[in-house]
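Labels A, B, C and D are assigned to the chains in the order they are written; within every chain, residues are numbered from 1.
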Amino acid sequence: MPEFLNNLLQRLRGERGHNMELLCRELLSQRGEASQTVLAQHILEQYNRMSGDQQLKFFQMLAERFGADQQAIQTAIENYTRGPTPANEAALAAAAEAPRQELVRRINTGPAGTETLVRMRRDLQRLLPGHSDLAVVDYDLKHLFRSWFNRGFLRLERINWQTPAITLEKLIEYESVHEINGWPDLHRRLEADRRCFAFFHPSLPGEPVIFIEVALTRGLARAIDPLLDINAPVLAADEADTAIFYSINNCLEGLRGIPFGSFLIKQVVDELRAELPRLRVYSTLSPLPGFARAVNASDNSEGFTRERLARLLKEFTTELSAEAGVADPVEAFFELLKEPLAHLEVLTPALRRLAIAYVTHMKRNGRPVDPVANFHFSNGARLEAIDLFANTRPYGIRESFGVMVNYRYVPDDLADNHERFVQTGDIQVSGGLLTERRITGELWHGSRSKKPVREKSAVK
Amino acid sequence: MPEFLNNLLQRLRGERGHNMELLCRELLSQRGEASQTVLAQHILEQYNRMSGDQQLKFFQMLAERFGADQQAIQTAIENYTRGPTPANEAALAAAAEAPRQELVRRINTGPAGTETLVRMRRDLQRLLPGHSDLAVVDYDLKHLFRSWFNRGFLRLERINWQTPAITLEKLIEYESVHEINGWPDLHRRLEADRRCFAFFHPSLPGEPVIFIEVALTRGLARAIDPLLDINAPVLAADEADTAIFYSINNCLEGLRGIPFGSFLIKQVVDELRAELPRLRVYSTLSPLPGFARAVNASDNSEGFTRERLARLLKEFTTELSAEAGVADPVEAFFELLKEPLAHLEVLTPALRRLAIAYVTHMKRNGRPVDPVANFHFSNGARLEAIDLFANTRPYGIRESFGVMVNYRYVPDDLADNHERFVQTGDIQVSGGLLTERRITGELWHGSRSKKPVREKSAVK
Amino acid sequence: MPEFLNNLLQRLRGERGHNMELLCRELLSQRGEASQTVLAQHILEQYNRMSGDQQLKFFQMLAERFGADQQAIQTAIENYTRGPTPANEAALAAAAEAPRQELVRRINTGPAGTETLVRMRRDLQRLLPGHSDLAVVDYDLKHLFRSWFNRGFLRLERINWQTPAITLEKLIEYESVHEINGWPDLHRRLEADRRCFAFFHPSLPGEPVIFIEVALTRGLARAIDPLLDINAPVLAADEADTAIFYSINNCLEGLRGIPFGSFLIKQVVDELRAELPRLRVYSTLSPLPGFARAVNASDNSEGFTRERLARLLKEFTTELSAEAGVADPVEAFFELLKEPLAHLEVLTPALRRLAIAYVTHMKRNGRPVDPVANFHFSNGARLEAIDLFANTRPYGIRESFGVMVNYRYVPDDLADNHERFVQTGDIQVSGGLLTERRITGELWHGSRSKKPVREKSAVK
Amino acid sequence: MPEFLNNLLQRLRGERGHNMELLCRELLSQRGEASQTVLAQHILEQYNRMSGDQQLKFFQMLAERFGADQQAIQTAIENYTRGPTPANEAALAAAAEAPRQELVRRINTGPAGTETLVRMRRDLQRLLPGHSDLAVVDYDLKHLFRSWFNRGFLRLERINWQTPAITLEKLIEYESVHEINGWPDLHRRLEADRRCFAFFHPSLPGEPVIFIEVALTRGLARAIDPLLDINAPVLAADEADTAIFYSINNCLEGLRGIPFGSFLIKQVVDELRAELPRLRVYSTLSPLPGFARAVNASDNSEGFTRERLARLLKEFTTELSAEAGVADPVEAFFELLKEPLAHLEVLTPALRRLAIAYVTHMKRNGRPVDPVANFHFSNGARLEAIDLFANTRPYGIRESFGVMVNYRYVPDDLADNHERFVQTGDIQVSGGLLTERRITGELWHGSRSKKPVREKSAVK
């Protein structure tokens, strides 16, 4: 740090002490311009030392004291009301913008400003549930972050064994879909038949914003265990015909609600096409995180009501009852679910039917309730396959009775699929799933559905 | 570019043709999300092919059609009026923000998006004078650019002979204070006794946003010619005791009004202190761009009225009259100014007096009318010296009769000086100029000034 | 530099002064090991300050005093004579190796060691002609440089407008085939339809060892002027079908005799093939540097004897005589050559014939006397075309009456062509030149040649 | 790889098959020049596929068939004998140089040439013990490597957590002094109070040639366990006053005999001085690898004869006998050594005395028999302290009964110390060890030594 700034900072520490409101006002004042960086640094340092309580008070202060000037808003409203011209509209917007935004912009000029502000929003979000008055602060931070973390400012970079350890370490920390168990596990995920890509922002060097893990395989991978097996033989990359996206992770809580995932997948598909022209299929192997919860919470009228379960499982009554020693197929089914791995064979067709129903028919506001399904359909992917007992690790059984899903990205169909999905909620499925979807749909809707099944599979 | 995006683009070119409004609406729509990058690219390409007329129409369309939803504003106003809570205030700000801003954010995701948007604002600014209706578009662009080009995102880099030619070439292009005459001239400005620094933005690789040129000298440089002499001997950097900032240039018209200069000078002072501990003085050698115009336009009541000129020049009547063969000193002065270089000796004290008056007393709204003076005083610099016939090149004579100025940056005084300047308009001068300023001030104000001369020189 | 080394160096400067022999002995001694780097630095500094006379003495000292130990050689000879085993042979080699080599290896550990040693050999070579006693020093330097500058240690890098100015400046300095007239000329040579590649050595950062300039054209370029025209329109690279190598320059005199050129051309051919798959033809446009000298020195029995000239020109007697007003065709020819550009049309067929004779038949020790021709044939290229008045700049007329040559690199034929050339001296020519070569050959050899014309054109 | 080279290679594979002698001859022949890189590649590939037996045959072939031309040597000998001029001497050296050297230079032009050649010498060295006929091949490889791996071509780089994992992984692999137990152990060794530096060669990217590990401490570290403790608190680097070099590792067996260590330590001392001006002491904490073996092999007349042991241990008879229940002190001592950790207190003074004797008096050819001691004394370091039970890990007890040693590097004394050591074998010790060394010396030599104890402690 420049020496003279250092001097100023020393003085500041004495003078204005820890009064954050005073410091923030100072930074926003015209006088603050001359020493913006050093004031920003001081505020950042103060913030970094705060306890949770102090953070709460700090955010409340920001919410209450750094809003817009009510008098100025009043005047702008009057002008606008008299003449709703573009200029008066802009003036109204300016008057209503909380000075908090300019304050945050100035704080950002301090050392590690962006990093700290992102962490600040993370802290803020943890407080939000109980403190709706802080929502306005979150609104301002998110508003700025959407500008700063605009896709145009992100760089895609490949992560491999050449990457600095300090960045690799973060993958281990941030991977939350399929935990990375130390460095040898990580190393396997960066071998010749794996790819890993991340978006980086120039102001957060070495810090991935989001990353995706890809396995290169022969044929569609329909179970996660072989992909995570640290001792699995390494396939030569140019022998692969399929790229499996098996994990995608947002790294920074403080950027929640700023969308990157869709961009990332599409750009990675393209990187892979350029590098490995033999690849034919791009598909995820995804969890179905809400499935078990949905099945268990069977009283939800949008969801697996008792009636629906009865209809969906009826076909498998004989096998379920015999295995469980319980007459009612639904009760038998729940009995068997207590130890699903012990009843693999019997459960398979039943779980398959429910999973198809869950992914393709269980919706809220016209969208799939499963967040992962909703994400990929919204990107224009199609439902390619349902994989039974594909994740038999404890969390896999717990979340979805081991079921996983392949969502396939057919590059040329993405835009159309996306468009149809956001307009009509229509979901694309592979040819092999058409009939099952229709049958499941009829059972779900309780009769020959009145709603015509308009959806068609993507042809490819 | 990804192939599938390419396909989409091909289709777009056919379908939506050149209808920019349609394209922009598409990009803003929910459907546009899936193909944001490719739509953005298409819009950027269209823009790059526009004639001046088409640009005007494009900006007018943005001004008229991409403003906020009036009904939504009305509702937000009503809510706010009923309850001026922070939340309603934020809602009002959101409602009043023109969708143009989101549009620009999405355009930025296209290739070379930032670069093109900055050029777009340059084009817009050239149209603004005759088209006040476009001001709202400029407001939105500037608002976003202030976030994007936040000091926290700029990197200071040293420019030297190791720098890629493509960047060096831009210095030649952008230098407008003291023109660079080709590569040998540039090379001399990057020798061991020169320094050059620039701010770069991660989204504009190789493109300086602002740069500054520094000469390392022994003693204060008080004339520009020796500094620009391509054949001047090179001083060993560690023999220098003074750093002279002799040129600072904003490179991108499209970033007008986004302030960088103050940050740059302060950071460069610090870089130099770290590299060359023997430096004692940091000072500019600056032009006085408005001086000649001010002297000539002597009817301005804030400026050099005839009466003021008479008072300021009275002391030099004998010499001026004798040299010009004209009795009246003011008339004699203007006569000699027709060929200033022919009357160097006689003009020197007269010009010195007027220059001091111009810099320290000629103000508008309490600020120096000279923009360069205003910039440096606002940064906290002090007036160190007035240099007569320091720039005898045609543009130097034309702009300021050859007068230049040293504004000195004393690191430890900057914050205080700045504070005093923005609060009271007080200007700091070096000890050697105190008396002259006082005398000039009395002459300027026409009598023992009633306004007490409160300003004190910086002591250092 | 480490402080303690600095201390040592200070001491050295006092103690051992400028006695280079003492310093070199010290560096070679066991005691020198501890302070190798600092002793090396001292020697390098001393060398850099030497006048030409001092350099001569320094090299003579190296030649006389740092040879091998005669007694040790004697012993090694005796052992070897008694038993010429591999071990005794190695011992003999070791004994006969001058300690100069180890000395140079140790000097190389000093700062900028390699760079200075290369310059040292340049200085040495300039002294060699009059000082054959220094050849042993040159032998040792060259021996080491061949190891150090082994192809395995060189990196090919593309040079373009992104390259640091400090490197670009060196192209201007080192280009000796077709002089670069300042930066705009250089810039044109780095545009989208030009390529430039250089080999770099890790110990000479930013310093090209050899570079090649390439023009991308439509069709074979048969004259140099359009290629060097600074205002020529820029062709889109992917519209080119031909790559013309129009200049190749060794940069460092001190590396004379260390071969790079052949490697460079072949690797560049491959880079271009990878980047621009539409290229079909790789060819030089080369000078014929010895042609004018050979024609003028017509008494050389290997060359253009009067008799040969008479035979070669006989066919054109009428036209030559008429134009020159001189009966004898040879005399007429020489008369016209005084101003070749004034007699373009008449001279064209005559010069063409002599040029073909010169390139394909004028040999010394079975190899073409023209060094450029010899270089490209040795690389496996073939003679593709003779270009009349292709370089009408003064140096082009002076060296070769404006004649230039295309040597074509057909990748798949290079190894065979090379092999044939080094074994038999056979030269490959394009189909279009076969007949002319045969006719010229008969005229050159004075009769139906007894030597069967075995050469065949490359088939492609 | 260039396509045409690829073609050639395909052909080669068929034609010349696996006949390595033929391939090598081809590469050396004039014809080989045109396709040097591709032939080199082929040879490298063949080598990489060889079994141990095939390697042996390959090396024998190189030894027997690629020696110098005996006739040429004979002629050179005759010329030299007639006139032992520098030129004839150079000619003799050239004639006696085995063509193997040029062959290796050409092999080096292939992809990963240097890397493979270094591995080749590693393989060769493993064969040498039983195959003295291969020494000539080793001689040639080492001769070239000494040129290629000249200090002037090595770059010092700091290794830290920013370093690519692929390089960090190699530290784990190559660390043989104090094994690195996985990534967390490695991470601790790269924390803020640790430093790690390595030499890299431009032709072996990412591959350290030698590396050193440093701990920053307060006061001299006299035991290894705290330094290796993965959970030890991290000291702020600027609070340290001492740098402890606790591990130095040559990475590549194939470079055995090419010295780097001395250069590395000295340069690292200087890096540390520049970075951390508060450091006062630079010292190793080194193993004493031959100590236990020397003590146990007590029949060696240069070493710990029974008689010497008796004299050295006499002073401690009471304590040793009591503890062991054995009268004879030497026998008691050996008894206790069976479980040294159980008798720490009693053994301490005895082991200390023997260790001092071992380091300072046990010599062969005038040099310390302990290789580590010899290395540091040869670098000019001094014996600073003997550390009892400083390494209680199994290998520490096994090698040296837990004893470790501090060798201190006093920058300004290094050159003098080195000079004295290589001239006279004199060893420098710290002031605190002077008396002990004298006493031990008298006991070692069996009487008031006739050899005057000339050594003096380093004064500092």
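To be clear about the criterion, a residue touches a chain if its C-beta (ideal position, glycine included) is under 8 Å from a C-beta of that chain, and two chains touch if they have at least 3 such contacts.
Owing to the predicted nature of the structure, the values given are computational and were not obtained by experimental measurement.
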Set of chains adjacent to chain A and to chain B: none
Round to the nearest whole Å and give the separation of the Cα centres of chain A and chain D. 53
Whole-angstrom distance, CA centroid of chain A to CA centroid of chain C, is 61
Under the stated touch criterion, can you name all the chain pairs that qualify? A-B, A-D, B-C, C-D
Which of the residues in chain C end up touching chain D in this complex? 1-5, 7-8, 30-31, 33-37, 63-64, 67-68, 70, 73, 77, 80-81, 84, 86-87, 89-90, 92-94, 96-98, 105, 108-110, 113-114, 133, 135-136, 139-140, 144, 146-148, 150-153, 202-203, 262-263, 266-267, 269-270, 273, 379-380, 411-412, 414-415, 418-419, 422-423
Okay, in this complex, where on chain A does chain D touch? 161-166, 168-169, 182-183, 187, 206
